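Next, two complexes with chain A in common: one pairs it with chain B, the other with chain C.
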Partner chain A sequence: MNDRLRRSLVRVGAMASKETLHVLRDPRTLALALVMPVLMLFLFGFGVSFDLDHVPVVVADADRSPASRELVRRITGSRELVSAGEADPAEADRLFRRGDAAAVLVVPAGYGAKVARRERIALQLLTDGSDVTVANQVLSKADALVRAETRRLVGVDLARVDPPLQVKLWTRYNPAGRSALFMVPGLAAYILAISAVLLTALTVAGEWERGSMEQLFASPVGRLEIVLGKLAPYLALGMLELLLVVAFGAAVFDVPVRGSFALFLLVGLFFLVGMLGQGLLISVITKNQLVATQAGTMSALLPSLLLSGMVFPIENMPAALQLLSRVVPARYLVHALRGILLKGNGLAALWPDLLALVLFAAAVLALATARFQRRLA
Partner chain B sequence: MLGPPRPPAIEARGLTRRFGAFTAVDGVSFEVAPGEIFGYLGANGAGKSTTIRMLNGLLAPTSGTGLVAGHDVARDPEAVKASIGYMSQKFSLYLDLPVRENVAFFGGAYGLAGATLARRADEVLARAELRDVGDVTTGELPGGLRQRLALACAILHRPEVVFLDEPTAGVDPLARRTFWRIIRDLARDGTTVFVTTHYLDEAEYCARIGLMVDGRLVALDTPAGLKRTWVPEDVLVVRGRGLREAAAAVAGRPEVKNVVPFGAGLHLRVAPGSLRPEDAARLLSAAGAAEVSVEAAAPSLEDVFLAVVGNGARRAEGAP
Partner chain C sequence: MSELRRPSARVQLAAVFRKEVRQTVRDRRMMFLLVAAPLLQTVVFGYAVDFTVDGVPAVVVDRDGTDLSRLHARRLLADGTLRRVPAEGGLAGAESALDVGSAAAAVIVPPRFGADLVAGRSPEVQVVIDGTDPNRSTVAGAAASRYFGEVAEDLARARLAAAGRTPPAQLALAPRILYNPTLESPPYMIPGIAAMLLLVVTTIVTAMGLAREREMGTLEQVLVTPIRPVVLLFGKIAPYVVIGFADLMLLVAAGAWVFGVPLRGPLAVLVVGTLLYLLTTLGVGLLISTISRTQQQSFLAGILFLLPAVLLSGVMSPVRAMPAWLQAITWVNPVRHYAEVMRSCLLRGAGFADLAVPLAALALIGGAVFALAVARFRTRLA
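Let's turn to the complex of A and B:
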């Protein structure tokens, strides 16, 4: 009995060390595992930003008074909105089409005179709605700037009015509203999902293609031993990636680690097991590297990008997609990582995420092992 | 030496495998004695690999039974797997790993570790004459050496039976000769070898040969026995001058079955042992031929193969 266990461990160890040698000898695998995450972190971290910055606004000032110039200076002098020259309002369409402006600010004639007489003034803001994100942010920023300008103009008068309701905003965890803080946990899930699924899908399908799977099946190596021996090195590699992503997030984007590091590792571990299991299942079904790569990319990349809440809030999705997102493990990892890294949440808040990850991992591994028959045909 | 006979190393009884409507292996029965080299011949698709896969536990038989090293292949495939070595038709070692790492991996797959593994690895590398290339990356080895490495990996755990599925396909003649020397050494030391091949010259190395045609085992005997049964005539190769005219003198004799002009000479097919070459030479010279030389040519397994494939079905059904 003891001898059987020892032999089983020897077999798992042989699989694992062979797999490690494969990885160490193949620069492409190592690159896929270690360089790609860092590269993607940089690309997404710097490239994908929802922070409004230097949006070009064209000004159509029909008044040309000191007052109107002051208004334009106040609005386009912010870091978020910048002046992209002057134009006639009729030209707005052309400007939007060519992408020269995201918005056109129209100041009506007689603005200065009306300000002096304290009359109501209607400013006009035309925005390019083809990019909703930018349009919305231009609107809210312009609104805030105009309100500030109004306060400046009416000054003391308005200060006397005491509005019955007042909202004081206090943004916790990410006071500066920086995208990177919110992106890095999402990116970790995305990067891990792709590389873990692809790594196993490729390596297991490779054994089928090479014919070595038949050779293994003719030996006493059991299927669970193959699965464990295959997954262990990639699990280690995946954990390394996770640490790399968070270390880079901390070093480059100042992403904090406020919660328990052990919980962070635990959540990452179960997520990885699930993703490796998914890759295994794909390769057991396809038995072909090319098909496995495509299936792996589709099943790992799209859901982790679109349904994880990494970019698009799950709460805003249609009910069907919300339901679908419940079987996407990246969703739970993104939620858990944001909780641990940014909020310092503990197990008390995150146990549902952890449980979901454990369930997914167990289900997909059981399915893969069941489909993994050691007999041919 | 007259103790009770040892049980056969491999025993197939009516072994059958169907894939849908197609019967790949059809009621095959044979026994292989311990330490025997058993050759399995047949055209592509004749059912050779399917038979091997049933015997090594990879494929469940549709019907019939197979016993390998005393274990039933259908009921106890795991016990079968532990006591056999297998070299599949497709070269399937890891080309990116050095020779020794491949050996170490397959050793581990059979539960070998530590000092035992190191000792066995040295042993099989020596046996396969690969000691000098232990640190070479497998992908850099020529075909003949790769085949020997695959064999080394298959015998690492000292299996009772090894199954070799076309082990020498695509390997040059010199490398094939070395490979077969290693196989014969292995069998001499008691390992049973079940080998399929396309090369009829190397089938001569086998103690017995089974011939597969369309999923059925249509002939099973020693190489000499097969030749006796399937190519019963002796072939006499005659050279000289004036043979055409003299041929009539021998053609009428009852022991001469057939006279065929062959280039400038003649091929006489005669009943076995009925006409010695020197007698044939004397008869032809007496009939007027000059400078006659006659040599007996043994029928080759190629003649057997062609005869069997040509008449296989008829003999299998008609002959007792």
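Let's turn to the complex of A and C:
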């Protein structure tokens, strides 16, 4: 029995070393697989940010009094909104179409007189709503600036009196609100999903296309041994990518590792096994590289991007999509990695994620091996 | 003599085009992936992508427990940005709720809050926020500080009035949002998604399709026939132009039907923009196929082009939020210009004059990439 197991392991090892040779002989693919994570992390870290400043706002000052100029100076003098010149409110449409301004601030005639008479004044803000992210930020920034101005007017009167109520905000885990800290754990899931599912799907589908799979079956290697041997090198490659992403994230973006490193490796390992199994399943079903890519894109790449909570919050999705996201393994990996890296969570908080990843890996591997065997009989 | 042997370019082109269309249409799975999949993705994307932050789970630790503290806690949660979740164990309970993630914010009302407020002793409310998601924490923090800021201002006014003085002028912002008044996510995302999906369909499929022909050696077989390489190339690409346009129409129609995305600008702008965009996406696919030997390589190269192109396009996050050096790089990104054309035309009703800059950029990039790709393709085959 022990002897049989040993011989079986030798065959798996032989398959794995053959597959490793394949990977190493194709340095372009290997380079792409290793360059991609670093490049993506770099771009995501610097490029994907939702925090705007210096948003161009055009001013339509119909009052032109010292008071209105002071208001405009306080609003556009901030780091957040900057003046992009003056224009008539009627020109707003043309300005927005050309992308020259994100909003037009209209100061009504008689502003200065109303301030002096201590009345209530409405400032109109024409906002380009076609970019929702920008519009939301412009609205909240302008709102805060106008409130600050009102408070300043009150404060002038209330000189040397404490504010009646104070509020203090503490932000935990990511006090500077840096997008990179948020993105890196999600990115790890995304990169692993792409490389694991698509590389396996392509390699195995390639063997079917070339007919070399039948040759393998003629050898004394068993089906399960083929599966394990084929997946082993990609598992190693995937783990290497995971480490690369976290190391690069720590070096360039100061992403912390606050929790247990062993738990991090364990979670990554089970996620990878599941993703490799999914790639295998796709290749067994499609047997064609072009179709396998598209199937992989649809079933792994897009769900890992969209339904994992990596960029878009799951809580906002309709109930049907939230339910669907429960079978997307990336969702559990993203949650677990954020917990481990940023919050320092341990197994006590993250066991449901780990369990879900183990279940997915077991189910998909069982399915892939079963289909693999039936195909060949 | 040679004219007798070689049919005219038009006949050659028609023959290759017919063969390619037949081959593509016959592959049911391929047709599904080229036409139905983008449609499906648009609908899923449209529902999945929602940047609105509301219902952030929050625990309230009321260490005062008076009517006044309860009133303010209730009013703070009234606008729906924060959603109260039950928590036990006071401060320690709030701490662990943040750690585990069952709450993303904790509002801590200090002891003697009500009494201090009435006596004018300036109590301090603390709000602890889980900053893992910067977008969510900004909105949640803004909601809390805004509410308490308003309360403080009202109190200050009341005190001024009580002292017999007229409170100063009060400014209010009256926003008027154009094009998308309720700031729905789908009208904003769908034009960008169309740009992204066209890229996936045309670039990756062309790159892999040609790499496959090279792997199988069928490209060389066709070259034995009297068909010129350039004609072969155009005939191979033409069906994808047709499919690209069909996809565009489907996506715009689905966007209008399912998500109410408007079509305010002239259709001609969309057609010209798409044509120029396809020139680039197909050109890149072609270029990739000339530098890679296998399908696997061309797929990876395709992804390597696609991801930065999509990320740095303003489709998902605004270009203006990027650092200046990265914003400069996005000028050579065709997806950025095409997304701009799509968004501006569909939502803002922009015409040719408004979009002269992005259209010219698309034409330049497309012309350069395509010319380079054709030149490389010819030398590879010759």
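Heads up, the rule we're going with is that the second predicted complex is superposed on the first by the 360 of 377 C-alpha atoms of A that agree within 3 Å, B and C clash if a C-alpha of one lies under 4 Å from a C-alpha of the other, contacts with A are read in each partner's own complex, and residues count from 1 in each chain.
The definition used in the following text is that a contact is a pair of C-beta atoms (placed from the backbone, for glycine too) under 8 Å apart; a residue touches a chain by one contact, two chains touch by 3 or more.
Treat the numbers as computed from the prediction; the structure is a model and nothing was measured.
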| item | value |
| --- | --- |
| Side-by-side fit of chain B and chain C on chain A, or clash | fit |
| Which of chain B and chain C A:Glu86 touches, first, second, both or neither | neither |
| Chain B versus chain C as contact partner of A:Arg25, first or second or both or neither | first |
| Touched partner set for A:Leu321, first chain B, second chain C, both or neither | second |
| Partner chain(s) touched by A:Ile194 [first = chain B, second = chain C, both, neither] | second |
| If touched residues of chain A are counted for chain B and for chain C, the larger one | C |
| Partner chain in contact with A:Ala14 - chain B first, chain C second, else both or neither | first |
| Chain B versus chain C as contact partner of A:Glu214, first or second or both or neither | first |
| Which superposed partner A:Arg147 touches (first chain B, second chain C, both, neither) | second |
| Where chain B and chain C come nearest after superposition, their Cα distance in Å | 12 |
| Common interface positions of chain A, toward chain B and toward chain C | 26 |
| Contact set on chain B toward chain A in their complex | 19, 53, 56-60, 77-78, 81-82, 84, 86, 88, 90-94, 96-97, 101, 104-113 |
| Chain C-facing residues of chain A, complex | 26, 28-29, 32-33, 35-36, 39-40, 43-44, 46-52, 54-55, 71, 92-94, 96-99, 114-115, 117-136, 139-140, 142-144, 146-147, 149-151, 153-154, 156-158, 161-175, 177-179, 181-182, 194, 198-199, 202-203, 206, 286, 288-291, 293-294, 297-298, 302, 306-307, 311-313, 315-318, 321, 335, 338-339, 342-343, 345, 349 |
| Footprint of chain A on chain C - complex, ascending | 29-30, 33, 37, 41, 44-45, 47-55, 98-101, 117, 120, 122-139, 141-142, 144-146, 148-149, 151-153, 155-157, 159-160, 165-181, 183-185, 187-188, 200, 204-205, 208-209, 212, 292-297, 299-301, 303-304, 307-308, 311-312, 314, 316-318, 320-323, 326, 340, 343-344, 347-350, 354-355 |
| Touching residues (chain side chain A, partner chain B) in the complex | 6-8, 10-11, 13-15, 17-18, 21-22, 25-26, 210-212, 214-221, 375-377 |
